Structure formats: C-alpha cells, structure tokens
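Labels A, B and C are assigned to the chains in the order they are written; within every chain, residues are numbered from 1.
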Amino acid sequence: MFGLFFLFPLYAMADFSTRNLIAGGRTWRAWANLFADQALYQAIVVSLLLAVFTVAAMLVLLVPTMIWVRLRAPWAKGLVEFMCLLPLTIPALVIVVGLRNVYLWVTYFLGESALTLTFVYVVIVLPFAYRAIDAALSAIDLQTLSEAARSLGAGWLTTITRVVVPNIWSGILSAAFISIAVVLGEFTIASLSGYETLQVQIVLIGKSDGPTSVAASLATLLFGFVLLLILSLVTRGRRNVGVTV
Amino acid sequence: MSLARRLRDSLPLLPFLTVVVIFLIIPTATVVVGSVYTDGVFSLDRIEALFTGTALSALLDSVLLSGATALLGAVFGAVMAWLIVSSPSTSMVRRAVLSLCSVLAQFGGVALAFAFLATVGLNGVLTLWVQQVFGFNLAGSGWLYSLSGLILVYTYFQIPLMVIVFVPALEGLREQWREAAVSLGASTWAYWREVAIPLLTPAFLGSALLLFANAFAAYATAAALVSQGSPILPLLIRASLVSEVVLGQAGFAYALALEMIVVVAVVMAAYNLLVRRSSRWLS
Amino acid sequence: MSVGTNGVGVQLDELTRVYGTTRALDGFTLHIEPGELVALLGPSGCGKTTALRILAGLDEATSGTVAVGGVDVSKVPANKRDMGMVFQAYSLFPHLTVLDNVAFGLKMRGKAKRDRLSRAADMLELVGLGELGGRYAKELSGGQQQRVALARALAIRPRVLLLDEPLSALDAKVRTQLRDEIRRVQLEVGTTTLFVTHDQEEALAVADRVGVMNEGRLEQLAAPADLYANPATPFVAEFVGLNNKVPATVSGGSASLLGVSVAALPGSVDGAGVAMVRPESVTVTADPAGASTVSSVSFLGAISRVHIMVPDGSTVSAQMASSAARGFAPGDPVTVGIEPRGVLVTRP
C-alpha cells in the first residue's frame, strides 16, 4: 500500500516526461534534451565534475586527517567529530546567507566557475562521509597496521595509500557514493549563489519546458537510486547508508 | 604531553580545519554578527523585526509545516520501518526499498517538486486522469503551491527519512527480550505495552524531532514549487537575499538565518539527548 | 522467606523438528523426574537448544508431545506454560531496574505492587544480589546479569526451570563460580530443571543426570559418574572427558592392550580396534628395564599429566596427583599399565 503512494509520482514523472503534448502518444524529446539542450547539458557536466572534485577533495582532506587523529592526536577526536557533524545543525540555507563575503574573496582568487562550489560542498558532505569512514576505520586495527607498515620502512604516504586505504575501501566507497548523490542533488547553495548546476538548471527550465525538467529530475533520482543500491550490495552488513543516527 | 609536541602533532590537521573554518564557521559567524550589527552599529532592530508581520507569519507557517509533516512522517514512517524490518534482512526488496528511501529523503529536493508537478500539477498525470473520470480539476486552485501542497510533498520525503532513522532502532530490539517477556507470561499486547514501546519511545520522539528540523531547514523543494510569495521562512530568506528591499532593511536575511539556526540547534540538541538514551538501550 | 515449588516431572516424547531439509531433532525422548536437574550436553547443532525451546513453547515440534506433570502442553502457548527461562545473554530489560526486572513475571500475573516487589527482593537475596535492586542491567557485570536473570525466572515459582547455555558468555572463573551458585539455588528451591550446555565439565559438575546429544538424538542419559566411566557409544566417550586411544584386541568380552587384559564395555567391537582409556586409568612405574620413555610432564596445579612414548611410537598420557608426578622427568624409562576398569573399544 505504501508502494503505491511512493511509486505513483515516480511513474507519473516517467509518463509526464515522455508525453507528446501536441500530437498525443509518446515521445523521447524531453529525454533527448538532456543532451541536446546546450544549457542543460552544460549543467549536467558541471554537476558531474563538481561531484568528482568534491569526492576527491573530501577524501584527500578527510581520510588523512582521520587517520592522523586516530594515531597521533586522539585528543583531537572530539573536535574533528564535532566539526564534521556541525553541518547537520547549520542548514545549507544559513551557510549560503553568510557565504557571500567569503565567496567574493574566493572568486577573486579562483575565478567565476561553478567548480568553486567544491569547497562548500566538501563541508556539506562531511557528516555523511565522516560516519562512513569512521565506521570503516573502527573495524580495522589501525594502530597495528600502520606500525607494521612503518616498521617495514614505509613512509606516511605509502602507509596511507597502500596499506590503510585498501582496508577501509568499503567506507571510502560509501562516503564517495553518498557524496556524489548529495552534490548532484544540491540546490540551495548553488541557486542562491547564482551558479548553474544541474538542479538549478532544472528549475530554470521548469518554467518553460515541463517535460524536460521532469525527465532530468527523474534521471537524477534514478541515478542516485542506482548508486545507493550498488553501494548496499557492495557493503555487507546492516549498517545504514543513511544520515545522522 | 609537551606543548611543542602537541602543536607539531596538530599541524597535519590544519588543512581540514582551515576548510571547515572558512566555509562553515565564518559564514555562520557572519550570519550571527550580521544580524546584530547594522552598518557597523550594534542594534537589535533586525531581531525585533523577526517577530512582526511577514516574518512572524512565515515563522509560524514554517513551524506548522514542520510539525505537521514531522508527525505524519513519524507515524507512517514508523509503520513502514516496521514492515521493512519484518522482512528478511538480505532480501533484494529490502535493499531496494532502503536505497529508495535514502534517495528520496535526502537527495531529491528539486526532483520531488517536479515529481509532484508531474502528478498533481496543472498538467499532471493524476490531474488529467481525475479530470477525465470525475470531471473536476484537482489542481485548479493551485493548492500545490500553498501550505497544504507543501505538506503533502514534504511528507513524501519525511516518511523515507523516518524509515532510515528508525529502522536501526527497530533492529536494536532484541528477540531475547520478547522471548524473555513471553516466558514470564506476557501476552503480545503486554510485551508491547511494557517492553517494546517504552524502549522505542525515545528513538521515536528523537526521530520525530529530526524530521522537524529537516523540514524546517528544507529549501530546495519549496523553492522549486513556489516561485512567488514567501509563505515559509526559507522562502522569506530567499526573497530577502534576492531583493535587498524586503521590509526596507538590507541584510534582513542575516536575522532570518539566525532565527533558523536557533530553532534547528534547539531541536537538534533535544534530539541528541533522546538519541543518547535510546542508543544506550538499543545497541 | 518461602521458596520452593513442588517439583513436577517433564516428559518429552518422540520430538522431531524439521527445518527444510535439516532434522534438528530426530525422535528425541527425555523424561525428567520431579526436582531433578538434567543437563543436555552436545556440540553446536546437536539439537539441545531446539529441544529446550520446544519445551518452553518458543518453538514448535513437527511431531511428538510435550507433557508437564503428565499433562500434555504441546498446544499451550509459551506465555501460559509457567516456565522460567534463563537465556545466554542480553535478556534483561534495559529500561527497567534490576528489581523491576525480577518482578516482571509477577506483574504479568497481576500481583499487587507491594507483594511483587517484596518477592523480587527475596529472590535477589537468594542469588546474593540483595543490594543491587536499584541498578540497571548495563551497570552490572555478566555474571551479575545472569544471576538477576535466574532470580527473575524463579520469582514466578515456575514448574520447570530452563537454562539455555547460561554461562557460555561469561569468563572462565565467573563460569565456575556461577554454576555452583545455580546448582545451590536449584537444590534449595527444588524446581525441575533442564540445563543446556556444550561444556562437558559444566554438565558433569551440576547435573543429577546428563543427556549427551548428537545430531538430534539422545546418545546416552546417565548420572555423571556413570556417563564418565561407562560411555555407551564412541561419541559419548569422545565428547566427555579426555581419552587416550590405544590399539587393542577384543575377544570374548575382554580387551587386551598394553600387555594387560581388562573388561570390554558393552558397545565395543570385536577383534582389532582402538580402546578409549582415561588418563587417570593409566599407571606409570619407573623401571630401568621399561620399554616406554617419558617424553614430557605437564603441570596442571593439583594434578599433572605425564606423556609417555610407548614401544609402537604413539603417545599415551597418564594423569596423577602432582606429588606423584614429581618423580618423573623426560627421558626416564618406565613401564605403562592400566587399571582394571572397563574400556570401550571402537573401530580403528
């Protein structure tokens, strides 16, 4: 019974986006627009790039930090955890309001591209990524692993990339996939900062071309769904792919 | 541990802290400061303005929206979570449902708006169907873009969020407790009344609070649906950012954002308290 | 303080439990005398827990009957069977105090608050935890939690007490202490008890009779000493106590091994086989002309084990008081013999 409530709008989206309003019958025009419409296509590319950059930045920033905290600075654990979970309490909307000044400065140095959103996005995905990586780090004996590696002559970089990372792979994948989903779906910050990412574009188009927006939205949902489904298949165990608890 | 040593060990943490400070702490601080300093002068005018006219009604409507959807989401979500937990834990269906819930709950703000437009909007699939069969226009009054429409759409992502947050609590309900209760003479109803419900209540209430905070801070869906007017707080913030002339005061957005942080922080603090108790029991 | 129930007998007859293609229980029959403590012993998967759960009503047999005090209870739901159960772990309700936990069963039976709290307090005294009534489960050690679970099960004056591996999750030292406690309490209260465990030392130490199970069937049911000295099947002989395996030949009810002839227990094969000899039945005498040599001595506290290499190259272990073992050192020549007790000879 729940299935009906939830799946119906999704079906409606599929139907709406493929309907030929003029001649009746079905058409794939709306879906083709995902590639044909320049502005939309650009936005898709931008969002995908943003997702990739955000994941890369997040991993580079977060993984070494968390490993370091566990090994050498346990007193900082509380601080790091607090910082990572803070974005849950500070809504994106609030961040974007206060972001103006910071971004004047950022665009001065790094230009106008939407890719500068990467930094903010890294902050937004912190809660999800932190949980995933923390769970994975807890499951291995980090101390022993790194000491073994170091005693065999490995430097820090090698230790992290060759020894630790392969062992927390499921946590990293988890963090990466969720981050991708978050970035692709993000609207608040991008739109109020004036950048044209996928979601922003969808809303803009929505005013004039309903079916295409619906098609793009459905595509976003499906993509996210597939990502998370793959994730749940790849990671054993019941620990949830979810949010805050 | 010597100070020098501690400083040296903190160095690698610097990149992380820098990013967080610049892109999280500073914006937040800007908001807080900006709400009480107008043109360099300390003044509580903006804060006062929060409790009048448009701002107050937006706040109340936001509270109403969040409360209603939190309640609906909590109740229906709990039932759905129960259904999921009762099915075998590695079944494909269960994984698919949980993944779907994740997507709908957190990453689909804009997409959901369009989903509903496609369903019950002016040219929506359901609208047209109902028009054909029953003859009346479901979307006629544009109710989708009003508070009641928002309640419906928000519930659509509140229920999955409840599922995600509540399923772990349900899974923490050990079978041994039920069996112990039964062997001591409890009927099914007595087990629920004396054991299961007391154990689940903190988790349930905590989750409901989380739902409230989630709805209160949500922006994307409302922004995509409602292009004119500002019935709720987040949209009022949009208005004051986009046009600097709302209520005749530039920077009013800061005060509004401050209001938002305060409400969310209070709710999340309460949520944390409840979750701590519940995880002591259920994990 | 009034404790005690009139013990009732338990009759499990021809219980069979099939899951898909697995037979967890296969024609299992067990009769427990009133007031008796029977231990069900066996490896994982032998069906002992299944049998207990069927008796409790938490599981249903595919066929067979369960009777308590002569009355068939197969169709009676679990919450009406009036049995107390102690689980392996984590069964205390985390949101209730220890006292409220113990009083839970009485609350289900509608007893007045004052009565049930006072009875609960009595039961806590019985298990030695009188002052901990106000605590919560998380604040107690594993051993304490199980004592509370025991008090909780006994508070309702059950007709039968069921213990499902109650000590398996505890540390070794706590385990020994607690099993004696459980036995003491059970004797004092007099409730008919079924105790399931995979630890043979535990079973032998607490039970009036021990039932050894294997693959859904009862292999032997006997008093501990009996089970130990006269195992009925090779499985029982292997599972209970330590064994030396010594080549032997059986003819006419006698087994000949290590140059000595002893009785062969019923169940032994005829002709050439392997005899199961307890270490304490092996005798060792220092003998300069002896054909065997001491290979090592293991000191185990009150007893020691002397490991000896016998002429055919295999090793035999002899168990004796440590004072006696002091005279032996690796390399000493010795003669090995056997006490005149029956041995079970199996196929090689």
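To be clear about the criterion, a residue touches a chain if its C-beta (ideal position, glycine included) is under 8 Å from a C-beta of that chain, and two chains touch if they have at least 3 such contacts.
Here the structure is a predicted model, which means the values were calculated and not measured.
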item	value
Contact graph of the chains (line, ring, star, complete, other)	line
Chain whose mean Cα position lies farthest from chain A	C
Chain centre separation in whole Å, for chain B relative to chain A (CA means)	18
Whole-Å separation of chain centres (CA-atom averages), chain B against chain C	55
Interfacial residue positions of chain C with respect to chain B in the complex	56-58, 78-85, 87, 89-95, 104-105, 107-109, 138, 149, 152-153, 156, 162
Touching residues on chain B, where the partner in the complex is chain C	174, 176-177, 179-187, 190, 194-195, 198-199, 280-282
Parts of chain A lying in touch with chain B, wherever the complex brings them together	2, 6, 8-13, 15-17, 21, 61-62, 64-65, 68-69, 72-73, 75-76, 80, 83, 86-102, 119-120, 122-123, 126, 181-182, 184-188, 191-192, 199, 202-203, 206-207, 210, 213-214, 217-218, 220-221, 224-225, 228-229, 231-233, 238, 240-245
Sites on chain B touched by chain A in the complex	6, 9-10, 12-13, 15-17, 19-20, 22-24, 26-31, 34, 76, 80, 83, 89, 95-96, 98-119, 121, 123-126, 156, 159-161, 164-165, 167-169, 171, 207, 210, 217, 219-220, 223-224, 227, 234, 237-238, 241, 253-254, 256-257, 260-261, 264-265, 268, 275, 279
